[in-house]
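A, B, C, D and E are the chain letters, set down in written order, and residue numbers restart from 1 in every chain.
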Amino acid sequence: MAILETRKLNKHFGGLHVTGNVDFALQPGEMHCLIGPNGAGKSTFFRLILGEHRPDSGQILFADQDITRAKPFQRIRKGISVKFQVPGIFKALSTRQNLVIALQHHVPPRDLARDVDRLLEFLNLSGDHAQLAGNLSHGQKQWLEIGMAIALKPRLLLLDEPTAGMTPDETHATGEMLHRLNADGMTVLAVEHDMAFVRQIAHRVTVLHLGKVFAQGSIDDITADPRVARIYLGEADA
Amino acid sequence: QDAGPIRLGVLEDQSGDFALATIGKVHAIQLAAEEINAAGGIGGRPLELVEYDTQSDNTRYQEFMRRVLQRDKVDAVFAGFSSASREAYRPIVNQFDGLAFYNNQYEGGVCDANMIVTGAVPEQQFSTLLPYMIKTYGPNVYTIAADYNFGQISAEWVRNIVAENGGTMVGEEFIPLGVSQFSQTIQNIQGAKPDFVVTLLVGTAQSSYYEQAGAANLNLPMASSVNVGQGYEHKRFTPPSLKDMYATVNYVEEIDSPASKEFVAKFRAKFPDEPYINQEASNSYAAVYLYKQLVERAKSTDLAEIRKVIAQGDVCVDGPGGQMCIDPKSQHVSHTIHLAHVTADHSVEFPTKWDAIQPYWLGEAGCDLTVSDPSEQYTPSNPPPSNG
Amino acid sequence: MDIFNLIFSFLYQFGDAFAFLVLSACGLAVIFGMMGVINLAHGEFIMCGAYVSTSAAHAGLPLPLAIVAGAVAAGIAGMIVEWVVIRPLYQRPLDTIVATWGISMIVTQGTLIVLGPSLQGVGTPFGSFTMGGYSYSVYRVILMIAAVGTLALLWLMFTRTRFGLLSRATIQVPHVAEAMGVNTNLIYSLTFGLGAGLAGLAGGLYAPTMTLVPTMGASFMVEAFVTVVVGGADIFLGTAPAAAVLAVIKAALTGWQGQLAGQIGLLIAVIIVIRILPRGISGKILKERA
Amino acid sequence: MADQSRLRAALRLIEGPQTIGRRPKFWAGVALVLACACAYPMFADSYDVGNNVYFFNWLFMAMGLSLIWGYGGSLSFGQTAFFGVAGYSYGVLTINLGDAYGLTLLSLVLAVGISAALAAVLGYFMFFGRINGVFLGIVSLSVTLVLERFMAQTAGPQWAIGSARLNGFNGMGGMPSLTIPWPGGDIALFPDLPLYYLTLALLLIVYLALRMLVNSRFGNVLVAIRENPERAEMLGYDIRKFQLVAFVIGSALAGLSGVLYTSWGNYITPASMGMTAAALPIVWVAVGGRGDLTTTLVGTLAVLIVFQMLTIHGSQYALVVMGVLLVLTVLAAPRGIVMGIVDALGRLLRRKEAR
Amino acid sequence: MPEPLLQTVALHGGYGGKPVLQGVDIAVNEGEIVAIIGRNGVGKSTLMKTLIGLLPSQSGSVRVRGQPVDGLSAHRRARLGIGYVPQGRDVFPRMTVLENLLVGQSISGRTLEGKLAEVHHHFPILRERAGQRAGTLSGGQQQQLAIGRVLMGGPSLVLLDEPSEGIQPNIVQSIARIMVDLNAKSGLGVVFVEQNIDMIRAMAQRCYVMDKGRITAALTRADLDDQDRIRSYLSV
């Protein structure tokens, strides 16, 4: 049984086919990376899963339920959450308040303060808890948004370029954190361009190209694939 | 206490949309007060004015009516241009049992013991105007009127009086307040082919009609109870857009009588920049003298005493436009009605006038303030219950 | 009335409504569409244009020149207002509502105090023409031509000149435009000045046909706002089609049921159009095209 | 026991990240202001008392708009529609039902309910149709202008509901004031002492209740929607419902203002729903500082008082001075006049201490 | 010795009351490519914004070819030939790709012959999508547009804030190549903030390390070849 499955998913803007007949399945407990050239349709694929875009045709299933027509918030409530490519935070609210809004979903008022403090600690943002989120540095915003995504305790976590703008150490720490969450049963699907990170976390990798599944397999299979090197990796990592 | 000044509240729109027609009212009151004070006041007591600018805003009337009655403890209030403003303050005057003068031409029908109305009402203006127009130009009438109480009720009067005089309504159109574009209306009028148009347009936006009708060469005689005498459109628009406008007024500054000339001279001496002295300025001026007479004869500013004087039925003053007498039943006044005719070059001539035209309708319909005070506004289609 | 005259009269009424909507709205559309500033003093720029052009005409300037003078005067006034009041507020567009409301109060009442309650008009030029038993004002036809001409000029200006490019860039991401070498302050000033100037042009063009009082701008406001918002963010893709749609509705309803129906119909049309196209007409067009 | 702790939890929400004023100092200030407000009628004449009630009347609408706009981020330009509808409803109901047996109070509740119902319908239409930003402002403005134009032409006697004439632009009058049934004879609430205390109490209740609301989970989400609706939705909240609820509550408060105003002056007019009237609440709330209930409350009251004073003493210059004040406030006090003054005082104090 | 192309002297800056830069001294010579590295939130982007003039400096000075530019607004500094690519790209979202590129010409104030073709050559996607609204481009495409946009003005110095962010690996390599080429051919000076070690090594001739608003180390080309050394500077 797949936790997430898409069947013949199609989306086009004007004449541009962004996803074409994407058949994709994600097993529960998997850590999966989605890679592919800029403009391959990765973020669009996320938006389709989340219901921000409506597919032209095809089906999306979450835990064997058809969610193709569900509203975005309904999908979130079923157990999906997301960190977007461009940080979506509440800029004029404090860092703490950002996390409160995410956490209050599950956490009873009594425990809220304690859980927020823990999460702040975990994200390395304790020192900036009173800072307006809009005034955080770029990297800190990324952390904050990851924090909001995991605060929902999702069954499936979608991450669009979670480590963009992070230092190598922080990237590594993010990977460790994901392993821990995964150990607790969270399924992870991440879009990344950082191959070291992909190598660190991915059980399986899917390459998307021109809206189609181009290749799929372990990270070693993928990096060994000369076609992937040509369209995406270039000489350095190949 | 009787030695202190007599205080008059003045609530008029000195800014906002109505200021054009009402600043002159304030000036007229100031002029009358100055004259009266120069001549020794009212029964030896000087007149003191308490003025507020109501900014063409109904809520300001509510605020300031309470203020003049409760805080300033004025003896009487001169208040209001639009009928809406009058209705806004009337409950407050009633609540404090004050006395308010409404010095404005309006749609008629206010039967309220706390009010004295010195402006002309439809029966005075239309029973004179319409027979003249039908006789002079023909029986087919088209009315355009502001789409609110004044326009609708006036139009009702026009309808009734036209029918009584053997005329026919070939069209009637109501224009929401604030509308300034009239191309379609002009075309509708042309389609109906009336002999003359009754224009009951209110507010500065609507008066754009004249310029636009002129530009389209509509070229029909016009009749009005409200234009010329209030908003001096003939002064503001270039000739000949108001050519052949006939308006029944109880005063305009062009009236060529000794009383009028004297009034204009005194007015301009004090307010040289006054753009125009309209009929409401004249009514406001005369109202101060009416009040003077009432207080002097009542020997008190007490409303009950004043109303005893009114009940005698002989309270009259000679206003700038002619004699004005208070009708005890309705507390409205009789007027000399002048027919003002605007010529092609926008000068005004007066083909005729009617003396001592009574505000008869309310009394005939069943309003009798000497007997009871309903504090209501009635209309021909909504008359007092005793008559219904 | 035969069919030809019927069609002509409807076209005339449509054109008349269209011209009024377009000319009322253009200046507001530039300022709102380009800068995101909700200019509640729009009517006062119209009044300014009307007053200046009327005074200039009284002083002997030929009417077309007087109208241009009105537009220029309003434009300069706009640049001053932008500099003093609007510029500090670009990061807080909603606060411009209050600021421009304040300006509107100052200007309206200031004009009343300084110039008195009204100004004598200049009269409508060019007379009338007759068609099928109805006579029409020639000047209203000129207004229709002026509306179309204004739209065309604006279109050229924003698509064919560098100013258009830079002003759009400035409005969208000011700090980056600045870092690209664009003098954003100048752009803001010119854009606001252009919007105010267009309002002044509307005032100048309509001055001969209207009552000239300090509050006259108010009678343009509802139509202007409605057109701009139904149009959406883009001036050309939005304002022109919005004015056309609204003019049809307004002319038809006014002709059929009178002015009140025209007015209420217009407002209800707005509600319905926005419900169908929540981002206005141009939002719809842009989405389709992208 | 459980009830008690729930109550205590709710009361704790009176303070929170969404409202200023957290320390005992603030509450001491509130208590002081309240005490002054209670004692005020002893030192003022009945004109001042009634005039203050008049000011209080508008504050409910301002706080409602603060909730919808300041907290929820939806700029409604049409709060006066609900003000007007509630005012007319109160008029129609009381003219038909009379003022005995506390029926005016029933009418008050019904009238506010009618405006809330209208807000629910309109809000459903707008928020579930994904209308936002200026578009929302214009739709709500259009609604209030349609109501104004429509009501303005209801002068004829055919426009009556029961024995209540709508009476067009001249406005509807003759409705009784609010009346409290009382053993020794009903108390009619004219603009005087009893009405003053009643309105003051209502004000306090609404203020505290709104504070609790905006600091609750509901308030957190509302603010989140203001900041970033997409993200709020991506946290699993049905943002439309939150916006709708805030809109209905805020509009009901506008309705409450409408009823109180109508009862205060025994009068309601279509002009209450016109363009100028519609812009005023926005000006009050923006000048006061829309992002906070307390600043909205204090700022609105200040604007109302100052503007009335200017009108009294400023003669023809009043409107010019008001305009200048508005412009200066916006330029000098980005967070609204109240925070502007607080900041300025803070600077002054610090400078003194430094010396 | 000639004046450095860009130099800061005891530069302090930040946001309103909050100081971030605590006295930054850097110097970039004509024709150099210099990297700035450091952990999140240490003030790298703040430095870049202060250099281009989007943030005022609180004290100290920024000099271009020896001339202080502290009094100049950002657009005047740009006119001196400085291009800036902000972090998070900030393309003009409701303008087309081509229009975005045309705005970049303002850096030089005129249309440079052949620049458009050159940029299109470097980033073919920008020609392919010339008519698409920039806001709908993918993240990596936007980053390419942002870089192409400053190149349109033919700057003599570019400030890049994390240029590799969101870009696919082979294009990261080609951006590095493009910069190195331009630097070699026309002497373009480059100051860039970066976390991607591959890119730093592919491009930078020198490197400054930043921490808590100060420059804490200056690395040479040789230091840069030591991967672990760089890592240590980027770690907590």
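Quick note on the criterion: a residue touches a chain if its C-beta (ideal position, glycine included) is under 8 Å from a C-beta of that chain, and two chains touch if they have at least 3 such contacts.
A quick map from chain label to UniProt name: A, E = ATP-binding cassette domain-containing protein; C = Branched-chain amino acid ABC transporter permease; D = ABC transporter permease.
Keep in mind the model is a prediction, meaning the values are calculated, not measured.
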item	value
Chain E and chain B - chains in contact with each	C
Distance-maximising chain from chain C - centres being C-alpha averages	A
Greatest separation from chain D (ABC transporter permease) - chain, by CA centre	E
Computed distance of Cα centres, chain E from chain D (ABC transporter permease), in Å	51
Distance between chain centroids, defined by C-alpha means - chain A, chain E (Å)	28
Whole-Å gap separating chain A and chain D (ABC transporter permease), where each centre is the average of the chain's CA atoms	43
Distance between the centres, which are taken as Cα means, of chain D (ABC transporter permease) and chain B, whole angstrom	37
Residue numbers of chain B (touch at least two other chains)	15, 147, 174, 176
For chain C, residues that touch 2 or more chains besides their own	109, 112, 218, 260, 263, 290
Shared interface positions of chain E, touching two or more other chains	136
Contacting residues of chain B [partner chain D (ABC transporter permease), same complex]	14-15, 52-53, 55, 57-60, 62-64, 66-67, 70-71, 83-84, 86-88, 90-92, 95, 147-149, 152-153, 174, 176-177, 376-377, 379, 381-382
Residue ranges of chain D (ABC transporter permease) touching chain C (in the complex, touch as defined)	75, 125, 129-132, 134-135, 138-139, 141-143, 145-146, 149-150, 153, 275, 279, 282-283, 286-287, 316-320, 322-327, 329-331, 334
Touch list for chain C against partner chain B, complex	1, 9, 12-13, 16-17, 20, 109, 112, 116-124, 127-128, 130, 133-137, 139-140, 208-213, 215-216, 218-219, 251, 254-255, 258-260, 262-263
Of chain A, residues touching chain D (ABC transporter permease) in the complex	50, 52, 71-73, 76-77, 81-82, 84, 88-94, 96-97, 100-102, 104-105, 109, 148, 152
Chain B-touching residues of chain D (ABC transporter permease), taken from the complex the two chains share	45-48, 50-51, 54, 149, 152-153, 155-157, 165, 167-171, 173-174, 190-191, 265-267, 269, 271-272, 276, 308, 311-312, 315-316, 318-319
